[in-house]
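Note that subunit A is present in both complexes that follow, paired respectively with subunit B and with subunit C.
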Partner chain A sequence: MTIGGEDLKTAQTGTVGRSIPRLEAAAKVAGRAEYVHNLQLPGMLHGKIFRSPIAHGRIKRVDVSAARAVAGVHRVVTGEDVRAIVADPHYGPAFHDQPILAFEKVRYAGEPVAVVLASDPHAAEEAAQLIDVQYEALPAVFDEVEAMTSKAVVHEVLRPAGAFPDLRHLQGRKNTNVALDFHLRRGDAGGAFSRADRVFEHTFHTQQVLHVPLEPFVSAAEPGEGSVTIHTASKSPSFVRVEVARLLGWPENRVRVKVPYLGGGFGAKLYIKLEALVTVLALLTRRPVKIALTMEEQFYTLTRHAASLRIKSGVTKEGRITARECEVWWNGGAYADIGPRVTQKSGFTAPGPYDIENVSIDSYALYTNLPPAGALRGFGIPQLVWAYESHTDMIARELAMDPVEFRRRNILRDGRPQATGTVMKDAAIEKVLERLAARMEWKKPFERGSGTRRRGRGIAIGFKASISPTTSVAIVNLYADGSCALYCSTVDMGQGSDTAMAQIAAEVLGIPVEAITVVHPDTDVTPYDMATLGSRSTYHMGNAVRRAAEDARDKLLAAAREAGLPAETTPIAEVFRRKYGMQAGNIVGTGSFIPAYTPTDHDTGQSPNVTPFWMVGGTGAEVEVDTETGRVRVTRLVNVADVGKPVNPRIVETQLSGAAVMQLGFTLFEKMQFDGGQVTNASLAEYKIPGMRDIPVMENEAVDGAERGGPFGAKGVGETGTFSVSPAIANAIEDAVGVRLMSLPLTPEAVYRALRAKQGKPLDD
Partner chain B sequence: MTPFELVEPHTLREAAGLLASAEVRPLAGGTAVMLMMKMGVLRPARLVSLRAVEKRYSEIAAAGGELRIGALATLSALERSPLVARAAPVIAQTLRMLANVRVRNVATVGGHLAHADPHMDLPPVLIALGARVSIIDPAGGRTLPLGELYTGYLETTLGRNELVAEVTVPAQGSRRAAYLKCTTRSADDWPALGVAVVLEADGALVRDARVVISAATDTPTRLAAAENALRGARVDEAVLRRAGDAAASEAAVIGDQHGSAAYKRELLRVCLARAVRAVLDEQ
Partner chain C sequence: MLGALTKDLGVAVRTIRFKLNGEPVSAEVPPHWNLVELLQNRFGLTGARESCGQGLCGCCTVLVDGAAVSGCLYLALLVDGAEVMTIEHQAAGGGLDAVQKAFIEAGAFQCGFCTPGFVLMTRQLLDENPDPTEDDIRHYLSGNLCRCGAYPEIIEAVKLAARMRKAER
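Here is the complex of A and B:
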């Protein structure tokens, strides 16, 4: 079927699988796309946050009198004021541990303590500097391993949120910094180590880094009559509604959450960030309130976990891995955010994409007095792959085996159980490895450089389970002229989801993609979606959209048949005219999707079904190392991924390359620096992200794959390009100059110091 | 950023006269001052814009074997000037790697020099070329070698009501020069070390040498011992090693987020040798 007068049957558009330009491209180029930063509401107040300068302490006294006296200041709000509206102002997706504004205690330097409200944002900023808070400093803990046994306890009591089924097992605890411990036991690792020919053990570290969306966090709230409307740059509008309603003790339908486009998300803009705060401020003042963070303030809001990872493998002399043991400590910062899910989900795959009989995993989410850590493009997987793929290469070198061949001997194949016991399906791990080896021309001789420029190459491969079980709902609304609106709460933050969802609906309905408008998230209008995260949208929302479109199509065909029209060949508009007697009416299709899931056993981590699909990403790197300075130049980066069947190949490619460039920054130089818990490089001048001149020659390939459970064979892609970049580069550095780096980032100084140590002439500090 | 008043005088001397108190700051390109105001480091009540002052302070001229560069010339004007490319090609080469095109299009030479952030790229190059800077005040003015402008991190000898008016750079002539910018994070990062080398040489025989480093030290610093090691020497690996050793021991290198002091001293040895080789190879 089609719009206009075209034949319903023959006009199959074949929309899915085509590189259709993004629907919003023209609006973005013209500067007309809508963002919350541009939103102005009548009578709106601007809020400026006053933040704690210390990492851990009791609040003794808050003096806001000088701030209140500044001309133009409407009101100054503290944590105690918040409690007048919300008696228990703690929020969080895993634990209700984070207060809307700190009261009684502060737990990290940068934590919001008070807010100044003014019509003029400059007046608010000026006044915020005059707030005077007295603290009684408490001992603080910053290191994730020390936090296991530290006398400094960040939270005296922990209360699980109970919001998500995959985190329902979280325990209420007292006097510990362990938010969650995940354990997996398969076979008998201890016995296998004693029988192994060789045992290898290494410890790796990763640093705390930041998402750096170029649109910083921003939210605004408008009070209504017993209701509130929140405009926010959020990837989880449905969660925001549920959580704000819970905090206020209101029904969900009194809270409306609207989300336009986002200027990047990468895992930062999830759950509650500024939304509860602006809501409370709007209700306290009965005025619209907006808070727009600066780039610098993003460093105090959400970060990616630093981690320490110990990994041990037992190997036969033929090069088969028979046992693997992993211990991982995740530095979650002062509030759990979604850290427990990072700990658990990454725990599933900690042994890597290898077929290993005996596995033991212990993964710990720790509280420390640092800015909170949460999801960042990969949910802990890039940190894990950094460790296990460095470890894998080190073993291969020790065994004098080719690194590709060593992986080949151990690779996890479809039909084999993974560490959780879940049997692998539609995961093209082997294919990704082989395509990577082919693209890298692994068997051909490699030019190794000379003099002070030495060249090397390395590969790595990683995989990830999707988040489960989560729900997506979609509505397809066919108008009487044959055009169509698609209502879904997936947030387009630059990843191209509007275009992909429209393509899926267009494919089912057989109409051009241009005939579809995607209605952006508005919880009064668009139905529930768990969130735009973890590369879940194409699969979950894609399936919901497909079902909604099929429902609408079936109703349309039924209407045609009822009207005595040939169902397959009548134009849509004609069906409406006959059914309603004029250009009138709607045909509404709905679709809902939740995959099957079996929770993992608490003691063994075993489950027959931990994920609806697997993402697989491999990277090959060629590098040139300057032996006199330690500087590493990545001369070629090859990213190969299993994304199922791409809905839009061009967008898939940009997702892979964008993810790889992001991880390249985390690999080579990005690092949050701290002094006593205070970030010392909280600006883009001192926290550098890759620029155009840092981007290497890059190739991206989606292998020929198909995800049987996905819409038209598709599955997620947003995170896949991040998995393997770091170890591929570290492996290439060792190949080039024979030094092995165990901590990220791989800075010139780190490489240079390793070179000097290798020469027996270590550089002094 | 706190609100401020903006005034726009028509002469540079008038502008200098308006800088009466610490509450008042000059504004040229604004690329540094705006960042400092956003961070709350500077909170001026009034900014004196230099955009409407006499045109001649934006001009670039070549006469008598010298380049005369008005303080309000933008960095991109300098980058694209055929006069600069002829008289001092090392300046044009340096500018291509300086910040980015958006900054170069608005940042001015005077602001770049007066800001006194040791990570700036032009000061070591201009000092090595022997540049002099002319300063204007409400009553008169003074001229001094550019190297004497700097007293510390973000500190200069400029009085409260003095403004940089012009910089005079002797043409390279038979001298050859190179600037090596060494970043340790992203390519567009502030340098961990900048090394400017200007040589007068016959083949490998160095008749005269000027070596000025930046970024790794509090102020752009001329390295006399390194210059002595090069002067009169026929450059080979041993000479370069001696010059590198001299440089590493005489420079007051400081560690920061770009690298430790020990590492930057190693970078200095390497980059000095590479800069000298780049100059000699160019001949």
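Here is the complex of A and C:
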């Protein structure tokens, strides 16, 4: 096949594997890329949200009269008003627990209680401040471990959404904050501990942090006649359609969801956030309604789980880990969002990328009265790797064994079963470890600094399973001149998916990538995709796109043969002219993909096929610690990953380094601060994210790998760079100054306190 | 889109005149609008974006009389009589300038939301200092945030833009 008259064979672009610029590059540097943030609709009302100031309480009275009296206010809507349109207004991917607007109860400080609508957002904002709500405060629980036994119960009754079979047993459960308890048992951990030469046990903590996409959450809805169109900065347009249709009791075809580019996502803009709310408001007012959150409001919308992690290992004197026991408590906040999936999907990797015969895991999703937690770049893995790779280093140190050598003796190799029993394949754990050691020049002497500036280095490795089983569908539509449109509902939030998908289609069709237009998600136009999350798109949608392109190619070749044309060498446009008599018509190829999967057993957590592929990421850090101030300067950060065969090597590298930069913030300074459940640092002035001066010298390497099930050997990469940054830095700090930090973030204060404690001169709290 | 607030509260809307990307323009502006609102509501220019709302992230960067300001903190009325330049301003030939080309070449963005601010600040940096060191670049651009973490590529892009500008001269 050819385009523009070129021969098929010479036109073979070899597009996959090339670092072509993003398709939308020119639009982005010119400030012309389309975001929902920019959207203005004729007659549009702006909504401003009134939020609960208390963490847990009964709503006694909502007085909106003063707000309604503000000039320019069109309407004030409360939770009770919502129920006039949606009788049961609870949504959520795992549990139907979150109300569109709170009614009867509030469960966290910052929860939406009412919305003011006005043509002028300033009028709406002013009026929202005049809403008066009286509450009867209830006891609240904030700590995830306390939530296990607390008398403060966040939800009266558990309501699993039904999508996940492993949540069904929780239906109707009362007097509990446990939204999921995941258990895994392999071998006999108890027996192995009693036989082990040494047993080590440590407890770690991670803090609650925030995604901070620079385009804050934003959604708009336009009412139609018995239909609605939702424009939203969402990574899950298909889910939004299904869930809004369910809430309204409408068929899916009456809910249309459109998504342009996203100004960052990182796991935040998933499932339902503002979509159900703007839909109800649009239906109530018969006007288009847009709600654009401020940066501050993002702190009240979705966060990353704080977690407590207890990990215990039995080890032989030769340095073989024979048993590992993990208990993890995930602080899910007031609404489950996708937290129970984090608990299960990440929970089963809690022992780390090690070959351990006897494993016991208990992983708990907890409700608390904090802002909800969900997916954030890594889906729980960075919290787990923080614990198991700190623990691993501490054991090596206790055994007086080199940390690389200790890992080498224990790592999980292809062909060996992981804790779930799934046999590892195409997971380059060993290569990642060895390339990391080589890049860090681990065997060479290391300059350790002197005086008050001490230097150290550390490494860590981590791994992640893909989310499964999930479906992607794609359509390739060839035009009569040989150019083509690719319809897929993968959302490009900056990860470069448009470009990668176009490269895959171009590779199959043998046409230049410029000849392909990627049609952005529009549920009336683009087919179903589970969501853009968990680094699943390159593998799942990539396979669907490949199949759709192959289908189109096969149909094109058949059309050429029918017309008596030499199939392999005739230009595409010539095939169309012969088939349709002129430059006309379409050839449409479709492809869908759902990988095989076996659910984990409820009692043992065992599964012969728990994931379609594994992601592997390691980090090496060199640090300089100022012993007078506790300040840690990361002087070098090396990220090594197994990404399969990269579709676009440059974009893959920027995914690795960008993920590491984000995790660097979560490691060194980012932390949501709370007082009585109220966020006290909800702004970029007080919640600092990494800037240009925080970035160390960085090196990134994709090891030579290939994922046999992936399109052209590719697999996911969006999260891999986050896995190992935190423990690598903590390990480097201990190497530098001999103190071990057990909680994130690794602030100067934390380091200095540890240094003083080590000197026997601890500081007062 | 004059808000009802301004009408009903009798807030004095003023007419201002200024140059926008080289063209003389006028606009009716309520006193509480910031520059981003003026550009978006009156001129449909969305390249300057409000993100943090505190002048800390640089997404709303606009040039007023040649100097970068945070459009989210800059009252719209203050541009009366000024020359305002946004990312939408095109080079004389109508295409992308060296800085924009360098950002594409170096792959210096992911989601693109912060990119206009970085491009405008980089232009200003190179106007002042055509041959910046890496330290200069980090210092000058420390007021622009990129949550995608494209900083290493942005530094490369600035260096590349400096070389391209030299070659153009």
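We adopt the following convention: the second predicted complex is superposed on the first by the 756 of 765 C-alpha atoms of A that agree within 3 Å, B and C clash if a C-alpha of one lies under 4 Å from a C-alpha of the other, contacts with A are read in each partner's own complex, and residues count from 1 in each chain.
In the analysis below, a contact is a pair of C-beta atoms (placed from the backbone, for glycine too) under 8 Å apart; a residue touches a chain by one contact, two chains touch by 3 or more.
All figures in this text were calculated on a predicted structure; none of them were measured in a lab.
Trainee: Which of the two partners, first being subunit B and second being subunit C, lies in contact with A:G585: first, second, both, or neither?
Mentor: A:G585 contacts neither subunit B nor subunit C.
Trainee: Is A:P599 in contact with subunit B, with subunit C, with both, or with neither (first, second, both, neither)?
Mentor: It touches nothing on subunit B or subunit C.
Trainee: Regarding the shared-chain residue A:A71, is it in contact with subunit B (first), subunit C (second), both, or neither?
Mentor: A:A71 contacts subunit C only, not subunit B.
Trainee: Which partner chains sit in contact with A:V661 here, subunit B, subunit C, both or neither? Use first/second/both/neither.
Mentor: In the superposed model, A:V661 contacts subunit C only, not subunit B.
Trainee: Answer with first, second, both or neither: which of subunit B and subunit C does A:T747 touch in the superposed model?
Mentor: After superposing on A, A:T747 lies in contact with subunit B but is clear of subunit C.
Trainee: In the three-chain superposition, say which chain, subunit B or subunit C, touches more residues of subunit A.
Mentor: Partner with more touched residues of subunit A: C.
Trainee: In the superposed arrangement, which partner chain does A:Q129 touch: subunit B (first), subunit C (second), both, or neither?
Mentor: The answer is first: A:Q129 touches subunit B but not subunit C.
Trainee: By the touch definition at the top of the document, which applies to A:G264: first (subunit B), second (subunit C), both, or neither?
Mentor: After superposition on chain A, A:G264 lies in contact with subunit C alone.
Trainee: With the two structures laid over each other on chain A, which partner does A:Q673 touch: subunit B (first), subunit C (second), both, or neither?
Mentor: first
Trainee: Check whether A:T629 is in contact with subunit B, with subunit C, with both or with neither, and answer first, second, both or neither.
Mentor: first
Trainee: Shared contact residues on subunit A, subunit B side and subunit C side combined as an intersection?
Mentor: 122, 126, 294, 296, 683, 685, 689-691, 693
Trainee: Over in the complex, which subunit B residues touch subunit A? Could you list them?
Mentor: Against subunit A, the touching part of subunit B is residues 1-3, 35, 38-40, 100, 182, 184-190, 257, 259-260, 262-263, 266-267, 270-271.
Trainee: What residues of subunit C sit close enough to touch subunit A in their complex?
Mentor: Residues of subunit C touching subunit A: 1, 3-9, 32, 40-41, 44-49, 51-54, 56-57, 59, 86-88, 90, 96, 100, 103-105, 107, 109-116, 119, 137-139, 141-155.
Trainee: For subunit A, which residues are in contact with subunit C within the complex?
Mentor: Contact set of subunit A toward subunit C: 19, 21-22, 24-33, 35, 37-38, 40, 71-72, 118-123, 126, 211-216, 261-266, 294-296, 493-496, 650-651, 654, 657-662, 683-685, 689-693, 695, 698.
Trainee: What residues on subunit A touch subunit B, complex-wise?
Mentor: Spelled out, the residues of subunit A in touch with subunit B are 122, 125-126, 129, 294, 296, 628-629, 631, 665, 668-669, 673, 680-681, 683, 685-686, 688-691, 693-694, 747-749, 752-753, 763-765.
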